[in-house]
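One structure coming up, written as structure tokens, with questions to follow.
Labels A, B, C and D are assigned to the chains in the order they are written; within every chain, residues are numbered from 1.
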Amino acid sequence: MTQDGREASLPDAVAANVSPAADDTALVPAGERAVGSPIVVPNTLWTSGREGAYPTGSSSYLHLASLEGSDLMLKDDARWGALEVIPTKADIVVDLIRMNSLWPLLSGLACCAIEMMSAATSKNDMDRWGMFPFRASPRQADVLIVAGTLTTKMAGPLVRLWEQMPEPKWCVAMGDCTCSGGRYKRSYSTIEGIDRVMPVDVYIPGCPPRPEGLIYGMMKLGQLVKERRGHWDEHVIAPNVPTDV
Amino acid sequence: MTTVSRSWGNMTTTGKVVVPLLLLVLVLGPIATVAIGSWIGPWIVGLASANLPIVRFLVAVTGVLLFSIPTAFIIIYMELKVIAFMNLRVGPDRVGPAGAAHSVVAGLKVLSKEDFSPNAADRTVFTWAPVLVFLTSVMTFLILPFGPDLVGMKLNIGVLYLFSIGGMTVVGLLLAGWSSFNKYSLLGGLRAAAQVVSYEIPLTLSVVGLILLAGTMNVYTLGLQQSGWFTNWYVFRQPLGALIFFIASIAEANRTPFDLTEADSEIVAGFATEYSGMRFGFLFFAEYVNVFLVSALITTFFFGAWNAPVDINAILGFFNIAPITISFELGTLGIALLIAIAVLPLILTLALAAPFYFGKTQRPAWQALVIGFILFNLVGIGILGLIAYVNVPWIAGITWFFLKAFAFVFVFVWMRGTFPRVRIDQLMGFAWKWLLPAALLNLFVTAAAIIVVKSL
Amino acid sequence: MTASNHHQPHLSSDDPRIMLDGEIGQFESVPPYPPRTEREAEFYSLRDGEMFLNMGPQHPSTHGVLRVVLKINGERVVDLDPVLGYLHRGVEKLCENSDYHHIISQVDPLEYVSSLFTEWAPVMAFEKLLDVTVPRRAEYIRVLTGELLRVSSHALYQGWMALDLGGLAPILYSFIERDEIVEMLAAITGQRMLFNYFRIGGVNGDLNHEFMSRLGDWMSRALKEHETNIGLLNENEIFVRRMRGIGRVDRDMALKMAVTGPNIRAAGVPFDVRRAHPYSVYPELDFNIPVRGSNGGGDSLDRYLLRLDEVRESLKIIDQCLHNMPDGPIMARLPRLLRPRPGRAWAAVEAPRGLYGTYAISDGTDQPFRMKIHDPSFVNMQLVGQLMKNNLIADTMAVMASLDPVMGGIDK
Amino acid sequence: MDRLLRKRLETRFDGKLLGPVRQRHDETEIHVGTADLVEIMNALHDEADLKFEILADLAGVDTGDQMQVTYHLWSEMTPDWLRVIADGLPRDNPRIPSLTGLWPGAEWMERETYDMFGIIFEGNRDLRRIYMPPDYASFPLRKDFYLADDAARSPGGGVRHMEQTHVPAQASPNAVRRTVKTR
């Protein structure tokens, strides 16, 4: 994760997005006015102190395609193994295939794991979308459903687990604790959201989310897989993550 | 022009290599065809007719390879749906009719995953072990008699070949477990070795009695001997042998309750722990090919390989009816044949549509016609199928063979859905303390019976 | 990144102490630092023919993020060392920093399979600190919902038991039962798992029509379905042979290891907080305390069967609660901001896994000065180290599952 | 509350108890010194009229100026919980004899108390950190350990690692400010 090296080659649009603000002078008063004079609201849209905070036009709005065009993103369009001989247009088929068999990894961290299991059982059956065979080994899994609070002690193993999964792989953050820290945000041993240590494709809030919620998130993930048409930009990890993770 | 250049830009390097090749093939294809038709073709034919067995062997191998993967897909889908039904679930139902294509999709997905091998693994062995496992399970198809004259090789030492090849599977599993450089894989491989080796013995011994009875080791001959009524099946002469063979073959195929080699809850995925992508796919398919294989073997050895349970000709003979053989020369019809082909569908469709149009249910004409046409097709297919069944013996044979084999596959899946897993010491104790003495007893009784009968 | 390196090596992904399913062979299981205790020293020294096998923190059958380092000789487990803390969320510190009403939602996810009991003990302790008397209807509602949750927890236990032994079907059948129960509880609590339902001095909401109708529908066939789920396993020869005779715990061992709950009752000690130290309205209710293994201790099969007996008792309790459920208020009158007198209070309830206690110290402010949570799974897990000696790897799963640990409770 | 138990305890352990026997609700509370702890616990566990066989809980307490270890016991002889408070442990070097000889099951509870408070149980064969990683610097449940949201008051090892000492690339300004403050 060489953020610094990539920062040098940022296009202006991206640089405008990530450059730290000089100072937050949000609302600029419209000039001086005498005491008692009627307040005249100037007929101009106010602009934020941070340029690029409110995208106007196409200058700071970054489309995924242009992102792929820039050298910011790793050129890596998920064609591995034997299917590499298939030319580009066949990616639609490949992505339909991947979308229809997303094998989750059989790993639960905490409370949400129970609801994850409940989503796979008879009442609400994840198998219908081909998501059922929970693989025990990360080598054969496609989706990592992080279900439950992530502690600092577990962060290393989880990151390693993520690294052990073969591409293409996706991560689903299930529950408030994994999205943002949730009810243990204040604690001394938890991580405020797993996107500090690993990329996340789909966030499913709720403490814990219902099984239907998980299934909805997984279907959203399938939609994502289908719409990206097999072009996977490298996930940008949240700013304040230690570089040695 | 822009579209061409853009698509050219979108292609991967490999695509840029492949597409011109395709164009080249399109150009060179006709020329090559002409050449083959004129000069190379006859030479090949002469060569083939010169040494037929080799050609037959190659054809059989190709057919088996093409045949094994769809079988695995069918069994995987069957397992998904049957276990889902046993768990009060729906099972996959999104891709294909009733989710029939889900297993195919899973297989293609595995094909398109990253092909990974750990740093510390022994690359060569790690790469080739799954292929070995898959090949050993596929090679056994060569001697399976799917029907009369529908067999790859009529080996006269077929049973010997069978068990020698089946024993080679454990080598692949052991190599896979060892080369992964993972303790779980190592445990899985060693478990597989111990299990398969110790279950080979009762498996083989249970068939020796059968061989004594049959007096041959040719699997095709075994099938021939069980023709006629179902009482000729060897299961009624070797019940104990059949039982032992069934139990031992479960362990051979590493299925529940003997699936200690990939016990999820103990050793994560056994010998397959470190495998990903298509190598894992090989192991995955080999398991299911093995399931079909042992079911087919049970069918072949003990349940009358391709023979129908009832002997139609015997029944017909009992009623003094000549066996049905339609030796009707269509050429004798002459011009009437063309008329029949032109008119018969029309007449039959109208005839079948009539009751729906004039009957109580006053359907509109087009509906009645559609229904009539469908019925006509069904009837025609049924008649043709019946004729084929009666006149083409291998169609009947393959039908019955697959019916029986998939009945046993269903039993395997059923056990997968219901049984817990045995412990390793219970597994070994069962093999050596119960199955082996039982197999020896079976062998002894069979031999004694044969001697007694001969002495009479 | 320089000054803090000694703070976060356990966070870096190439830490030799972290061993997962894959890549296990590439790591020495021996930690890179010198042993701190003689126990650690003698565990991490290998004799001839032995090797380490690391299970977890991500393993299919460690019930979450438990990590167990096995020292195996072939298939036989010589010794093992459980490593906890992969789910340590610092709940006690959070409780000391949040006020009394907030604590109920903080302790909820501790034992997430039966989370009402994790609310019950703190609530009882705070009521002792505040000298509050809970209305009888509230007590009855607590008992009713608690016993419902006990049934669902034991159903899940049965399913996990089978799953760790390789049986696929029972877990799905027990999840059907569990889903029905949590859905009917969600009708009054509004949540499926972490019902933030009990309040200091009562409960949050009264029984409503949906709950009663669902409950009546379920009660009409609960026993029959329970028998069905039992029939999936108890007549199975493989299951019984694998459970019988392994992990035997006798009376003295259970008492010395401070085990509680079904695990100690399966060892022949009739210690159940509901009878040993009656709380709530349990003295008014008629139920038995099933005890097994009175002669010579009980094994995994006894621990399994005892929980099935407890389900029947719980159904009896639920029936009585429904019949003599009194009318009246469900909350005591209390101020919004609670400032109890300085003092200490200890309250314990009988959770599905054993004695679940809370020790609260008040210093007169609106936050407890100290709050200790005693979780039964944490103590019961110590048995694993003793029961696993000279067993097979497969038995490790069976015994661990028969103790029924919940990592959320173990790691707090 | 059980008056008989109070009388029994006062007569049996006369002079060994620091302070009177307190009783409230269904709890009886005695304070003992660390020197007499093992002897008193043995007596409570063995003697026929006490028979406190079940150790319900073991908890450490940091009162701010000293450390305490609290044991909760249950006996079939009395309807009360018995709370034994081992009092007067210095905060700089808290030491107390271990009870693993009496209840081997107390081992993990003592490990937890050591992990959270740094109380050293002499005689515990396996006294290492059980929750926090082995290289963790501080003891979270002590009173001078503050949560991450007021990390400025916390001593060095206390704060969560991810916030404390790391200047991230592309950091938002307030993150940088926090980092600088904790340095």
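Everything that follows uses one rule, which is that a contact is a pair of C-beta atoms (placed from the backbone, for glycine too) under 8 Å apart; a residue touches a chain by one contact, two chains touch by 3 or more.
Keep in mind the model is a prediction, meaning the values are calculated, not measured.
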(request) Enumerate, in label order, the chains that touch subunit B and subunit D alike. (result) A, C
(message) Based only on mean CA positions, could you tell me how far subunit C sits from subunit D in angstrom?
(response) 22
(message) Just the number, please: Cα centre separation of subunit A and subunit C in whole Å.
(response) 34
(message) Need the CA-centroid distance for the pair subunit B / subunit C, whole Å please.
(response) 48
(message) I'd like the Å distance between the centres of subunit A and subunit D, where a centre is the mean of that chain's Cα atoms.
(response) 42
(request) Return the residues of subunit B touching two or more other chains; collapse runs of consecutive numbers into ranges. (result) 87-89, 264, 268-269, 273-274
(request) Can you tell me which residues of subunit A touch two or more of the remaining chains? (result) 106, 121-122, 136-137, 139, 152-153, 186-190, 242-243
(request) Enumerate the residues of subunit D that touch no fewer than two other chains. (result) 131-133, 140, 145, 147, 161-162, 166
(request) Would you identify the shape of the chain contact graph, picking one of line, ring, star, complete or other? (result) other
(request) Could you please write down every pair of chains that are in touch? (result) A-B, A-C, A-D, B-C, C-D
(request) Flag every residue of subunit B that touches subunit A in the complex, lowest number first. (result) 7, 10-12, 14-15, 18-19, 80, 84, 87-95, 99, 102, 105-106, 108-116, 264, 268-269, 272-278, 280
(message) Show me the residue ranges of subunit C that touch subunit B in the complex, using the header's touch definition.
(response) 21-26, 51, 53-54, 59-61, 75, 162-169, 172-173, 176, 233, 236, 238-239, 241-242, 392-397
(request) Could you please specify the touching residues of subunit A with respect to subunit D in the complex? (result) 3-4, 7, 18, 20-21, 152-153, 186-192, 196, 239-243
(request) Using the touch definition up top, name the residues of subunit C that touch subunit A in the complex. (result) 1, 8, 10-13, 15, 18, 20-23, 57-58, 60, 64-65, 85-91, 93-94, 97, 105-106, 109, 112-113, 156, 171-173, 175-176, 178-179, 192-194, 407-408
(message) Which stretch or stretches of subunit A touch subunit B in the complex?
(response) 77-89, 94, 97-98, 100-101, 103, 106, 121-122, 125, 127-130, 132-133, 135-137, 139-140, 142, 166-168
